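Multiple structures are listed underneath, in structure tokens.
Two complexes are shown next, each including chain A; its partner changes from chain B in the first to chain C in the second.
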Partner chain A sequence: MMIGYELKLATPLAAFFVLFFVAPLLILLYVSLQADPGMTRMTAAQFGRFLLDPFSLGVLLRTLFLGVQVTLLCLLLGFPLAWCYLRGPAWLQPVLILVVLLPLLTSVVVRTFAWIVILGRQGIVNAALMSLGLIDTPLRLLYTEGGVVVALAQVQMPLMVLPLITALSRINRSLDDASAALGAGAWRGFWRVTVPLSLPGIIAGCMLTYAAAITAFITQSLVGGGQMLFMPMYIYQQATALQNWPFAAAISIIFLAAVLAVISVFKALGRLSQARANA
Partner chain B sequence: MRRRDGWEALSFRLTMWGLAAVAFLLLIMPSVVVIVVSFTSGFSLKFPPPGYSFRWYVALLDAWQLQFAAMNSLKVALWTTGLSVLLGVPAALAIARSPTARAKALDSLFMSPLILPALSFGLAALMFFSLIGLPVSPLTLVAGHVIVCVPFILRTTIASIAQLEFSLLESSASLGATRLYTFRRITLPLIRPGILAGAFIAFMSSFDNVPVSLFLRDARTDMLPIRMWQDLEGRLDVSIAAVSGVLIVITLSLMMLMERLAGLSRRLR
Partner chain C sequence: MSPTRRSLMTTALTLSAMHLFPRLSQAQARMLVFATFTGSWEEAHKAVLVPAFRKATGAEMVLDPMLSVDQIAKVKASLANPPIDVMLHDPGPALVAIDQGLVEPYPVAESKHYADLISEAQVATGPAPFFQVVGLTYNPEKVKTPPTSWADLWKPEFKGRVGITNLNSTLGTGFLVEIARMHGGSEANVDAGFQAIKDLKPNIAAVAANPGQLATLYQQGQVEIGPGNFNAIQILKARGVPVEFVTPKEGAIAFKTTIHIVKNSPNKELAFKLIEASISPEVQAALMESPYLIVPTNSKVKMGGEIAKVLASSVDELKKKFVFQDWVTINKQRAGWIDRFNREIA
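This part shows the complex of A and B:
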């Protein structure tokens, strides 16, 4: 008897994806191999131009490193939050889930705008520090890399916390008791039992956070300002302001490849941790 | 020995709850700050505001550019969500329970827009449409939005299909119900919350999309997040705070509604 549905039900969406997703990406690759904006000759020169240019490479590395900082900060704060969500009193759970979900669904421009208000010269951080007498003149917090990292950590935190909650809720609570009964202290039990068992969730959360942080165009450009260039803005500038489509396409391909490389490392780690958690 | 245990347990709990409190503040502070600042009586984004008033909300009533952009974003988000449901739900039914390699490959393909940089995709789509001679229009915009929004519907729908009780469908079939009848009367009502939750997230992310809209809208189709972004790049306008206040309140209300109707928080994990 047939209960499942035939694969042909996926045909309309598959056709839609081939037309509007696969074809555009192939076109992107094709344009990136053009010698000039007039598209007269095929060459790989655009890639050479990027990979041999210290400025371009610097933008790529800075973007990839930004993702690392944001991911680590999200993990440092997100893991305890997920842990407290599961260990805290029952009334706290709906409050916490609301606080985690609200940023996920609020417009990114709104969330970023909030950070402009918080980090600005007349913002809440400077006002607090000045009223405490810790500083005399407002600090420059906006348009700094630290500001971008903190703002992005808030914007992407839900992507870290949700998979962590799922992973932590799958861990059998009696393992904690067992580890305590066997004489392991709270910290030891945490590092030897909880963290290894939640590794699949940690890796899934890190992957989502990292991918979102390095491509977060709006937050990067508004909090980072004009001086700090990251890959998405670099692509946008080359494509629109300079109308240099072949170079913009080549940067896009390099960026896509970098993201895919990082993702596949995370995926490989995920498979390893899954195998260990099941073993 | 016992005393050391006590200290260790205490330091562990303090660290965890302390860091969680920082995370909690970090998550909630921006929304609170925006709401407070939006009621300022002054002309700057000073915090705390010098006084409180509704003036910036009143000013929104005359802000026709923002209203026009908001209407465009709403229309595109509705079309995107409708089309994403029509294409996504059948696809979810097809791949949810299929163990074949082809279904797995389709799943990866459909999910890839979630991971790949949306800006690169937006640029690729612009190049594609201009090379095949199709000018950008609301139509191309919706096509691009569907690509980046349909994964949300697939994810929640596939998850709710996975939780279906097989035996229900089997007994319906053994009682002589046709497959269409079984789908309409049993499968669809059971997976409806999953579809609804996915459609809601797809709607919100289309309404909020910048990287794809940036390339695929035409000059007449001003979109709200882009309008706000460009306003913020230029000058720090307090009316953006009022728009943000309105958006936060709408998001919060829709979220609570969806929690009731579809158990949103359970479906996002």
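This part shows the complex of A and C:
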């Protein structure tokens, strides 16, 4: 039986996952159910402490919303980029792929520092606006939510563009001609043919970007600063500055559950729209 | 004696072997491991403390630099057979480590140098080999009149130019306590400090996530004035960044950084000898020189150079100008303060 072989081939990976992924996750769950950092008694109080606290829930919602903003911006900028890559002139392709891949080849710390240089008080943006006489005092761009969204969108862009390129390149070009021959205009053809067919790529790109954006501790804390609190920093604060592992573990589990919920919404949306497109 | 390539390789190989074969190290009694801090502290200890230890004992040792919180996590994770013999801590983490039973009491009676330490540095759970000092930092190219008081940060002319850190760090917490004191509060009551930080908001250009980030903000011209760590500022200065450090007239905030023998360490005797070296006048005098500029705690060390110029030239002056905060009281409330900072300032 083929299936038997396939399963056997996957055992090393499965064993690896059980040892280094499932086991730590179970330990995390165990720690989250402890009453105090000394781990003396079991309780679900840590979860209650988070879920009944409007401030903590605010941090969770702000983090999830941050992901939505970054994902939308990535999609908005990434789709045309992927489109140009496939439909543009041949000489443009290597240039574009280099532009897309370059961020992946540099460390995320370096990419983030570049944004600090760009958005800073004496950064490129402020210097340009001041020399044009548009502003007198530097604008506050760094340490704002807008700054974090823009920086994250650039940092995570490859995760959106690469699946889009794959999905778009699988679409048969003659479908364009077919839809045109059947009387659809360019826009109608794009919306009714290209977008539905590229949905798997859009969904994959969105999920990757979303998951990466909301957990991007380095970019969030460097561009957001110590004043803006998102879930990764909240967990770090509780775990390291305060050594309160049970609460940190509980926050992590809640965050994990919330992310899984958002991801399943993405998936459901994808299935729904695909079903509509097929109908 | 500078580290040769061979000694580095040996260290690297030993460390990796210790991680791969923990049993091996158990059986063979491993080298002494000292978890110092990263960055300039590591460089200073590698250049001065490690050679002094070698000379005193003839034994080899390993520096494994990491943050205080990581030291605690690692020791806690295998308390029966800890991977570290000597820990170095800021006051907050030191109390956590002591509370959780991770440190041995220091054998004070056997110590040759303990009695010579400045009274603030004499801690039975582990003495302080140096002080860290927080004062006012400013960019002399942008701030023409040097500040003299913490209160200067609230001046309208510094609108959008002040940099502080949040309470995750010792620096941020110490600053909050100090300005609370300035407004009539204390370690036990920092309400006035929180109000003062709220009032400071128009002037705040950045709340850095950690002291390292705060230091780089001066380099980028993002902030021009604020509280800063004396040693971090010296490193920036050495790189040519326009920054100056002044002791405010209220006094500089001083933290004792303490050094501890780890509970159940298999190298207790060597650990004791390393700590002895770290509090000896010879090592402290060498560490006080440029480029390290580490503030000594042994009263036999004669203060000189930049430290005498900027901070204090004698033990008496140091005691007068340094403000030591009560971290036992601070630590009890720190979780609540971090929470409150998240809610009210962020």
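The definition used in the following text is that the second predicted complex is superposed on the first by the 252 of 279 C-alpha atoms of A that agree within 3 Å, B and C clash if a C-alpha of one lies under 4 Å from a C-alpha of the other, contacts with A are read in each partner's own complex, and residues count from 1 in each chain.
Heads up, the rule we're going with is that a residue touches a chain if its C-beta (ideal position, glycine included) is under 8 Å from a C-beta of that chain, and two chains touch if they have at least 3 such contacts.
Here the structure is a predicted model, which is why all the values come from computation and not from measurement.
*Asks:* Clash or fit: chain B against chain C, after overlaying the two structures on chain A?
*Replies:* The answer is clash.
*Asks:* I want to verify the contact counts: of chain B and chain C, which reaches more residues of chain A?
*Replies:* So, of the two partners, B touches more residues of chain A.
*Asks:* Check the residue A:228 against both partner chains and state whether it touches chain B (first), chain C (second), both, or neither.
*Replies:* Once the two structures are laid over each other on A, A:228 reaches chain C alone.
*Asks:* Is A:78 touching anything from chain B or chain C once the two structures are fitted on A? First, second, both or neither.
*Replies:* After superposition on chain A, A:78 lies in contact with chain B alone.
*Asks:* Please indicate which partner A:69 is in contact with in the superposed arrangement: first for chain B, second for chain C, both, or neither.
*Replies:* Neither partner.
*Asks:* With the two structures laid over each other on chain A, which partner does A:120 touch: chain B (first), chain C (second), both, or neither?
*Replies:* Both partners, chain B and chain C.
*Asks:* Given the touch rule stated above, what does A:137 touch, chain B (first), chain C (second), both, or neither?
*Replies:* The second partner, chain C, only.
*Asks:* With both complexes overlaid on chain A, does A:237 touch chain B (first), chain C (second), both or neither?
*Replies:* The second partner, chain C, only.
*Asks:* Could you tell me which of 4-12, 58-66, 112-120 or 130-138 in chain C overlaps chain B after superposing the two complexes on chain A?
*Replies:* 58-66
*Asks:* Shared contact residues on chain A, chain B side and chain C side combined as an intersection?
*Replies:* 116-117, 120, 122, 221-222
*Asks:* Residues of chain C touching chain A in their complex?
*Replies:* 67, 69-70, 72-73, 96, 160, 165-169, 172, 205-210, 213, 220-222, 334-335, 338, 342-343, 345-346
*Asks:* Give the list of chain A residues in touch with chain B in this complex.
*Replies:* These residues of chain A touch chain B: 1-10, 12-14, 16-17, 20-25, 27-28, 31, 76-81, 83-84, 96-118, 120, 122-124, 127, 150, 153-154, 157-158, 161-163, 165-166, 185-187, 190, 207, 211, 214-215, 217-218, 221-222, 231-232, 235-236, 239, 245, 248-249, 252-253, 255-256, 259-260, 263.
*Asks:* Which of the residues in chain B come into contact with chain A in the complex?
*Replies:* Touch list, chain B to chain A: 4-5, 8-9, 11-13, 15-20, 22-24, 26-31, 33-34, 37, 44-48, 87-88, 90-91, 93-95, 97-98, 100, 102-103, 106, 109-110, 112-121, 123-128, 131, 143-144, 146-147, 150, 166, 169-170, 173, 179, 201, 204, 207-208, 210-211, 214-215, 225, 228-229, 232-233, 236, 240-241, 243-244, 247-248, 251-252, 254-255, 264-265, 268-269.
*Asks:* Applying the document's contact rule, which stretches of chain A touch chain C when the two form their complex?
*Replies:* Residue list for chain A touching chain C: 55, 59, 116-117, 120-122, 137-138, 140, 142-143, 221-222, 225-229, 233-234, 237, 240-244.
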